[in-house]
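See the structures that follow.
Both of the next two complexes hold subunit A, though its partner changes from subunit B to subunit C.
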Partner chain A sequence: MDTQSLILALGDATHAGRTFNVMPVAGDDPVLQIAVSGADETPVYLTVTESQILCLVYLFEESEIRTSALPELHESMLRISVPMPLSALGKVENHYVVYGSLSPTSSQTEVMQELVTLADNAIDLLQTFEDFLE
Partner chain B sequence: MSDKKEWSKEVEALQAVQLAFDLSSDIQRAFRVAAAMQDLNTSSMVRKVLNLPYRRKRIRPRLTVTLHEEDFEQLAARYQLPASDRAAIRQRVAEELGQFATAFLADQDTPGS
Partner chain C sequence: MKAVLKKLMTAMRGSVNELGEAVVDSQGSRILEQELRDSEHELKQAKNELAALMAEVASLNRQIKTESDSAESREQDARKALAAGQEELAREVAERIVGHERRKVELTQARVQLEERTRGLKERVQKAEKQLAEYRRELQVVKTNERVLRTTAQIDTNINSNQSSLSTARETLERIRERQAREEDRQGARAQLEKELTGQDLDEKLKAAGIDAEQDSVNDVLARLRGDQPS
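Our next item is the complex of A and B:
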């Protein structure tokens, strides 16, 4: 599975009634920005390496968090991360993210399942963590 | 973590995603600003750039703010007015928004800004 074949596959695909709007992002390494219908506000960034297909949604920046709420937010993130289906929480530079990774040999259906779940999880998380933000 | 040799490709991939996100954010911001300056909505701006048909004007462009009870209380404290004097608070809100617009437009007209 590579980004080029995903552009073609996802463009016409439907999964659990959801469709995918795929936009390649200009750059040296291929990265796709994928908006899942019904969760357009949490676009998924996807890239493929030799060892994984990495799917990632940006949630908020460090500067958006109320300083006094930071320890409680981190505790909450660690606890939520385990039961959350197919996704985990993490940090990239100063951005908090939710991500999921799949084997590069995953099927198209598995990738679509990950994208839909991840985009929906991101919306749920933004609501869950709303009180921790400025 | 980034020192772990066999993960270096994954770290590079993560950096590529970060670059893509920053670029997307910049592009989105540019389109929002360009659309606002041309009285278009963002999707019309995108269609315009792509030479596709688009709606010329935003539908009923307007500036409104819905003030809730707690907003009135916060504004009353800042304006040093009684929270019950909503007409006066609204008057001060209108003045403050006007001042912002005047300052903003003057700033935009400044050469090199």
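Our next item is the complex of A and C:
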């Protein structure tokens, strides 16, 4: 599974009544921006390495969180991460992210399932953590 | 592995990771890749050596067997010579037997030494294999970290060139709420349309005006029942 074949496959595909709007992100590495219909506000970024297909959604920046609320946010994120289907919470640089990684041998259906779940989870998480925002 | 994770954590902690740190990481992975190659090389050498030693042991085993077989058959010859009263010939054969047995002892000693070296080498191979698996795991962590940093940098650059800046969580939430409201409106409109199509909306209006066909027929039945009963 590489980003080229994903662009072709996702363009016409429907999964659980959802469609995918795929755009390559310019740069050295193959990265895709994928908007899932019905969750367009939280685009999923996908990149393929030799060991995994990594999908991630930006939630918020550290600067957007009330400083006093940070410890409680972290605690909540750690606790919520385990039961959340197919996704985990993390932080890259200053971005808080929700992400999922799949085996590079995953099928298209599995990738689509991951994308839909991740985009929906991102919306639920944003609404859940809204009270922690500045 | 622990060392690699700690290094990564130190690099991540504190201020924003600028590209400088990504460079340090990629040097880290280059060093690891070199160590991996050295380890693979060492493993290959040790395996070759091991194969050669094992072949040597097999060859020694064959030689030892030949010496024993020869000694055994010469023993029969010696017995026959003795039975025939050929003392001198029997002595000559006995000397041969001694030679065979001496070589057998020498070969067996050599085999013991070889077997010890084989054991040592097998341990080295196992250690190298374990080390190799460890390096591969570390390399995967370091490379994935590099990749994630590069990917997010690429996404950020892209977002910044397409929009004025990354939209804030508040803005995103606002857009989500707007969409959800639109969806609710659409659902409401659909439900309303359905009511109109089935005439349910008219029934509701009649009911609100105190005109209820269902209630009326119930009352009719009750009136009839009352009328039937003699008062």
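Definition applied: the second predicted complex is superposed on the first by the 134 of 134 C-alpha atoms of A that agree within 3 Å, B and C clash if a C-alpha of one lies under 4 Å from a C-alpha of the other, contacts with A are read in each partner's own complex, and residues count from 1 in each chain.
In the analysis below, a contact is a pair of C-beta atoms (placed from the backbone, for glycine too) under 8 Å apart; a residue touches a chain by one contact, two chains touch by 3 or more.
Quick caveat: nothing in here was measured; it's all calculated off a predicted structure.
Superposition of the two complexes onto subunit A shows a clash between subunit B and subunit C.
With both complexes placed on chain A, subunit A has more residues touched by C than by the other of subunit B and subunit C. By the touch criterion stated above, A:Glu110 is placed in contact with neither subunit B nor subunit C.
In the superposition on chain A, contact of A:Phe60 is made with subunit C only, not with subunit B. When the shared chain is aligned, subunit B and subunit C each come close enough to touch A:Glu93.
In the superposed model, A:Thr42 lies in contact with subunit C only, and not with subunit B.
Of the two partner chains placed by the overlay, neither subunit B nor subunit C lies in contact with A:Asp120. After the shared chain A is superposed, the part of subunit C among 38-46, 56-64, 146-154 or 182-190 that runs into subunit B is 146-154, by C-alpha clashes. Common to the subunit B and subunit C interfaces on subunit A are residues 25-29, 31, 33, 45, 47, 49, 51-52, 54, 58, 92-93, 95. Subunit A contributes residues 25-31, 33, 43, 45, 47, 49-52, 54, 56, 58, 92-93, 95 to its touches with subunit B in the complex.
Taken together, the subunit C residues at the contact with subunit A in this complex read 16-17, 140, 143-144, 147-152, 154-155, 157-158, 166, 168-170, 172-173, 175-176, 179. Note for the complex: subunit A touches subunit C at residues 25-29, 31, 33, 40-42, 45, 47, 49, 51-52, 54, 58-61, 64, 92-95, 123, 126-127, 130, 133. For subunit B in complex with subunit A, the touching residues are 9-10, 12-14, 16-21, 23-24.
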